[in-house]
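Each chain carries a letter (A, B, C and D) given by its place in the written order, and its residues are counted from 1.
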Amino acid sequence: MDFAHTPRARGYLESVRHFLESEILPAEAAHRAHLSAARERPGPWTVPPVTAELKAAARAAGLWNLYLSDPAHGPGLTTAEYAPLAEQMGHSPLAPEVFNCNAPDTGNAEVLLHHGTREQRDRWLAPLLAGEIRSAFCMTEPGVASSDATTMAATAVVQGDEVVLNGRKWWSTGLGHPDCRFLVFMGLTDPAAERHRRHSMVLVPTGTPGVRIERMLPVLGHYDEPYGHGEVTFTDVRLPRDAVIGGPGHGFAIAQSRLGPGRIHHCMRLIGLAERALHLACRRATARTAFGRPLADLGGNRERIARARIAIDQARLHVLHAAWLLDTRGPAAARGPLSQVKAAVPAMACDVVDMAVQLHGAAGLSDDTPLAAAYATARALRLADGPDEVHLALVARLELAAQQEQQQEQEQL
Amino acid sequence: MDFAHTPRARGYLESVRHFLESEILPAEAAHRAHLSAARERPGPWTVPPVTAELKAAARAAGLWNLYLSDPAHGPGLTTAEYAPLAEQMGHSPLAPEVFNCNAPDTGNAEVLLHHGTREQRDRWLAPLLAGEIRSAFCMTEPGVASSDATTMAATAVVQGDEVVLNGRKWWSTGLGHPDCRFLVFMGLTDPAAERHRRHSMVLVPTGTPGVRIERMLPVLGHYDEPYGHGEVTFTDVRLPRDAVIGGPGHGFAIAQSRLGPGRIHHCMRLIGLAERALHLACRRATARTAFGRPLADLGGNRERIARARIAIDQARLHVLHAAWLLDTRGPAAARGPLSQVKAAVPAMACDVVDMAVQLHGAAGLSDDTPLAAAYATARALRLADGPDEVHLALVARLELAAQQEQQQEQEQL
Amino acid sequence: MDFAHTPRARGYLESVRHFLESEILPAEAAHRAHLSAARERPGPWTVPPVTAELKAAARAAGLWNLYLSDPAHGPGLTTAEYAPLAEQMGHSPLAPEVFNCNAPDTGNAEVLLHHGTREQRDRWLAPLLAGEIRSAFCMTEPGVASSDATTMAATAVVQGDEVVLNGRKWWSTGLGHPDCRFLVFMGLTDPAAERHRRHSMVLVPTGTPGVRIERMLPVLGHYDEPYGHGEVTFTDVRLPRDAVIGGPGHGFAIAQSRLGPGRIHHCMRLIGLAERALHLACRRATARTAFGRPLADLGGNRERIARARIAIDQARLHVLHAAWLLDTRGPAAARGPLSQVKAAVPAMACDVVDMAVQLHGAAGLSDDTPLAAAYATARALRLADGPDEVHLALVARLELAAQQEQQQEQEQL
Amino acid sequence: MDFAHTPRARGYLESVRHFLESEILPAEAAHRAHLSAARERPGPWTVPPVTAELKAAARAAGLWNLYLSDPAHGPGLTTAEYAPLAEQMGHSPLAPEVFNCNAPDTGNAEVLLHHGTREQRDRWLAPLLAGEIRSAFCMTEPGVASSDATTMAATAVVQGDEVVLNGRKWWSTGLGHPDCRFLVFMGLTDPAAERHRRHSMVLVPTGTPGVRIERMLPVLGHYDEPYGHGEVTFTDVRLPRDAVIGGPGHGFAIAQSRLGPGRIHHCMRLIGLAERALHLACRRATARTAFGRPLADLGGNRERIARARIAIDQARLHVLHAAWLLDTRGPAAARGPLSQVKAAVPAMACDVVDMAVQLHGAAGLSDDTPLAAAYATARALRLADGPDEVHLALVARLELAAQQEQQQEQEQL
């Protein structure tokens, strides 16, 4: 048992942390000011200019696409090695993009890398990995419980050489980005097939006729510009059959393969976000006074700070363990732990951010600190990629089955 | 002991509830659409036209200014009689305004009614009670812990026949309303006076030179238009001396007198808001299915619904009891219970709304339901008018003192 | 709405509180010493002599059988009037017995008063009301989930002039008392009858052949002497048919009728118990110092004290409201609120006692304070008379039904 | 980063687990029956005969004194290697003794091994390591807050060739064991010395004149026989000066050195205890039915099971990480994490056991399952070795200091 990161993970961690502290955090104010000013004007979203500068610097420093496990495209870090880097990126809302490690581009890139045709990789993956274009992922639907994939209503019907898409999707993250060039769409292809062979994943260029962005959706009042979460309709969208990634009926299997690492990334970023909130909370607790004493010395504030430290440290170890299981024993062995962390970490992050908000007074609810947006991010992840309750149900099912098995073994002793 | 409302309270309750259900709830969509469309355009906020229609109807129905305890201005309901009406108004974000019962106009009206000069009452109170103008209350400051009044930095200095105001205030609710015509400002007048005689409350017409609205502040992304919460600076603002309400040095005493009923109103509206959230949660739990069953039959959802019902009912009784104490034994006797409810009810409302959000999935975080705005409202009230922690500290202090007294009595037996 | 107790309730409250403070609390040490010493010796339990003295004094003072609502047997207080007296009795583990108001004798007395024959009332009720004998209630069974009455396995079969009892019961409270003279037994009489007409309630003198006390059961190590909770078997116990209280098949209806007031009594006693714990917590928090300061000034202790005060006050109002509903609108209207308080109050009492334990350090877990036994009492009531979860399920069911009804009404507007 | 245990740790883990399941768990009933029967009789405690048999078997299997890190006395496992073995031992209340790995003998043995004289090691350590005698540790005092060592009132005064002990200690674990032969006593030697050089640790044979066991103390009604927690007075107890372990004034330093590993052991045993409780909960949830369904399918039971699994897994990783830090970076680096786990793990264990109790109904509160005693064990550890609050205060202090340091570094960038 060795809790130390590998030397190369430590090296990247040091570099990413240094880049974060010396380049990204100081740029946050300009980034926020750009977006704030843009909100006052009508018109489409724009990317704050500082982002392009930071991206160039990160790429030049070799801190680019670090999430890819394929050594052909970078250092080829394991999930557990990348995890602490994702945590660092979670400290700042702009960091993931700067390192070209932001969702859902990461998942879309993995999908094209492993399942795309050569042409798809050349045309879409290459500029995505170069950070020149962005993409979106269209899975969740307004009319059904998306955690139950069998209820998906959108269709991707194969007709001769074509695939025809129809349906309404929402919470398609990345849809609002001015550089968003393609969507990955999930739809029902064959309702008669075996349950996990019914759906297809289709690459849809954004300008395809029949694709219509209906609106962008706020999360607790935050639009998460310039990415955003969109509602989009697909009306008789016709694409050549090879737009179906990996072939018809493979949508579910491909989606599953991206979920594991995606959950690790989400959770680690939330741990970074919670660390940032705790940092701000501590700074406020020592800098602000009331009734003649720093807030840190009033009421239960110190206990809350201690509990936040404990919760964050437990969560980090929990996610790292799940990442290690995923790396060393594969997705099946990691299934329970992945659901465990997905059920536990977003709620932990909500609690820590909320504690920090409370210490900041009403300022914590405004946009003068990163806390309100951080709360929106953490709260959304108690729902995105399966609500807490769905993951808890899976954890309970696995637990009851494991206990039953264990009991039977003991009875045979 | 009789938990039944008085006959006249029951009558008003029935009328307000009927008006809410038949007039206000159906108008919510138009109200929301107006504000939504307005957000896309630059320019100052406007009041949705439906508001004026509803106000006229409510006034015609005699459901107007019901919060005023003075029988010269309406039915003269007690705090406990008005409380269930405030609960009803909490069901809808537009209801308080429709009945001319919205904060902070209610508090400002009470202040002018009891402490204003005849001229102030004629010029400002009359149109306020007629619903023709709106007002704001400027107390909280960005640089200090406003729960500790001794730290207030803004000044209201008497110079001959004039009073001169300087300072920066924020979270001044109502400041963004197009009909906002005056502000009630709190400032330090005499630092050498006894602690509760140092401050003055000043009536400031909005157009007075030196008054500058710096910006409006979001709460978890919500601006609460057309009222809003503003940041405003006062730079050498000069007013005639009789703009000081009740005379110099009476600011603190006047502020205290408005707090008690204000806390009851806030808490009862939050109970209505929680009821609305629970109603939406139950509707969703029965209407939405996943894995072949309504959400109500999955996981711990029923327990959460039951706990919400229990929490709401306990909170309502708690606030009604505090209102009854305020009515029958006065502010001193009600001080502990008022802090108790202020510390407990907003957190309860946050929990119930959050539960309803979770049942709605990501839709609950968008603005497609009233839940995201409701969460912002409830969360803000864990800070506004004293953060939870300040009220808990007071409750503990009173408790320890009471227990010590009781013990001494027992020892004398 | 009037939260004041009626004058006669206030009078009794004053008397009971005075008796508690001047007579009972000072006798606790002797009571505890008797039981402690007795534990070191083998042999059956004995009643501490101080109990008889206190009972005589309470009876002489007219503070006797106050729970009976029948004015033929005392003041005839309503449930809401008796409730605050029950709270006072909850302050001390010996108080309920002193006032002849302890469970399950209260419920058994009510049953005999309303459903017993004249002979049963003369032979069993009269000495029970005189405090000369004690009784037990045998309902819960080890092999089945007793919250689901349909699963009851014990039988009470009518054979000609006799009724024959068989089965195993446990958690029969009062079974260990040296003066316990009769048991009230619930059993299945007619499995083919309508669901609520299958069971019978039978009065069983303790010495009846076939009745065998198997053992007494501890609750977190506490036996609650001299009452105790017993396991008892019934093997072909034969009694005359008129031992069936109210006649065969009425068991369920009679049991239901005792539940409502019983839940109020339990909950109010727990509120008294929580008040006692809070009192001890406050005393400890001011008397004990560590790191140079009283515990009250360390960490989150004050917030915990404040939260306990809030939780107790909310719980009290909740239970009083349920009592008032029971009195004024009957058991059907009070059903939801009765389950609400039963689900909420024991858990609240556990939390408050646990907080007091923690402030006392390890002493709080020993028997040097009343806290460990108080915790056992409160914890047991999260299970006795229906576990929390069963009550929550009922509350949720009623809530979903009420919301559905309300929605249908609104849709018809 | 490698979460796999070392091969030798895995080997021992397999052996201990097998021994636990095949030898110890089956013996629990006999062990419990012995203690139960003994409670009915007066007289001193006795060790259940099965213990000696199991100890012999464990020793023969080489599963003995595994906690000792000194390779001269066994395999010399690291703290992190021993930790999973301690977890296994936590599954059964008799397991730690069977493997000669029970507190406080473990701590006393470490103290004598590292700080004892040759004579002390020969006379006391050898039979202790052989499992022939037991010992107790006398630190906590009734009159002071023992978490604040500066308040210790007991004295160990050096007078010429002698040391003279006076004072009252309680919660001296192990004091009731029939084989207890010596106590390790902490007392104040030199009040004028530097704060951490004032106390001495003294080895006191149990029969020494002036040592008087006053009584044994229950924890939530459980005496934890045959070890027990005692109250003991020391009245002019005179011993030769070399009874002072490590010499006068070294008591505090020696006590500190035993705390780190001790906290790891306690926490890991509690994790085993929580696993046992979760196992029983799952068994009950599937075996028991109510309302026609297994408890697992009712209400929020599955969510509770899932949350227990998550809490246990997080806690285990947390403690293992602290153990690894202690092994690799030493006590100073591990100080914060050791307080973190001590503040978090006992509360987690309480919650899991309480959940299991609730699923078992009233049986869970009796002694028919190991749950009531398990709850007492877990609850006591929220107080023993520093209450939660003291550890939280330390964690907060370290956190605020670390954040301040980090901020200063960032400001220098």
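In this section, contacts are C-beta pairs under 8 Å (C-beta built on N, C-alpha and C of every residue); 3 or more make two chains touch, one makes a residue touch a chain.
Quick caveat: nothing in here was measured; it's all calculated off a predicted structure.
Participant: Could you tell me which chains are in contact with chain C and with chain D alike?
Facilitator: A, B
Participant: Count the smallest number of chain-to-chain hops linking chain B with chain D, moving only between touching chains.
Facilitator: Tracing touching chains, the least step count from chain B to chain D comes to 1.
Participant: Using mean Cα positions as chain centres, tell me which chain lies farthest from chain C.
Facilitator: Result for max centroid distance from chain C is chain A.
Participant: Which pair, A-C or A-D, has more C-beta contacts?
Facilitator: A-D
Participant: Which integer distance in Å separates the CA centroid of chain A from that of chain D?
Facilitator: 42
Participant: Could you please state the distance in Å, as a whole number, between where the Cα atoms of chain A are centred and where those of chain B are centred?
Facilitator: Computed from C-alpha means, the inter-chain centre distance equals 38 Å.
Participant: Can you check how far apart chain A and chain C are, centre to centre, with Cα atoms defining each centre and the answer in Å?
Facilitator: From the centre of chain A to the centre of chain C is 53 Å.
Participant: For chain D, give me the residues that contact two or more of the other chains.
Facilitator: 299-300, 302-303, 389, 392-393, in rising order.
Participant: Okay, in this complex, where on chain D does chain A touch?
Facilitator: 1-6, 9, 21-22, 25, 80-81, 278-279, 282-283, 285-286, 296, 302-303, 305-307, 309-310, 313-315, 317-318, 320-321, 324-325, 337, 340, 343-344, 389, 391-393, 395-397, 399-400, 403-404, 406-407, 410, 413
Participant: In their shared complex, at which residues does chain A touch chain C?
Facilitator: Touching chain C: residues 299-300, 302-304 of chain A.
Participant: Can you tell me which positions in chain B touch chain A when the two form their complex?
Facilitator: 40-42, 140, 142, 145-148, 151, 170-171, 217-222, 229, 288-291, 295, 298-301, 357-358, 361-367, 372, 375-376, 379-380, 382-384, 387-389, 392-393
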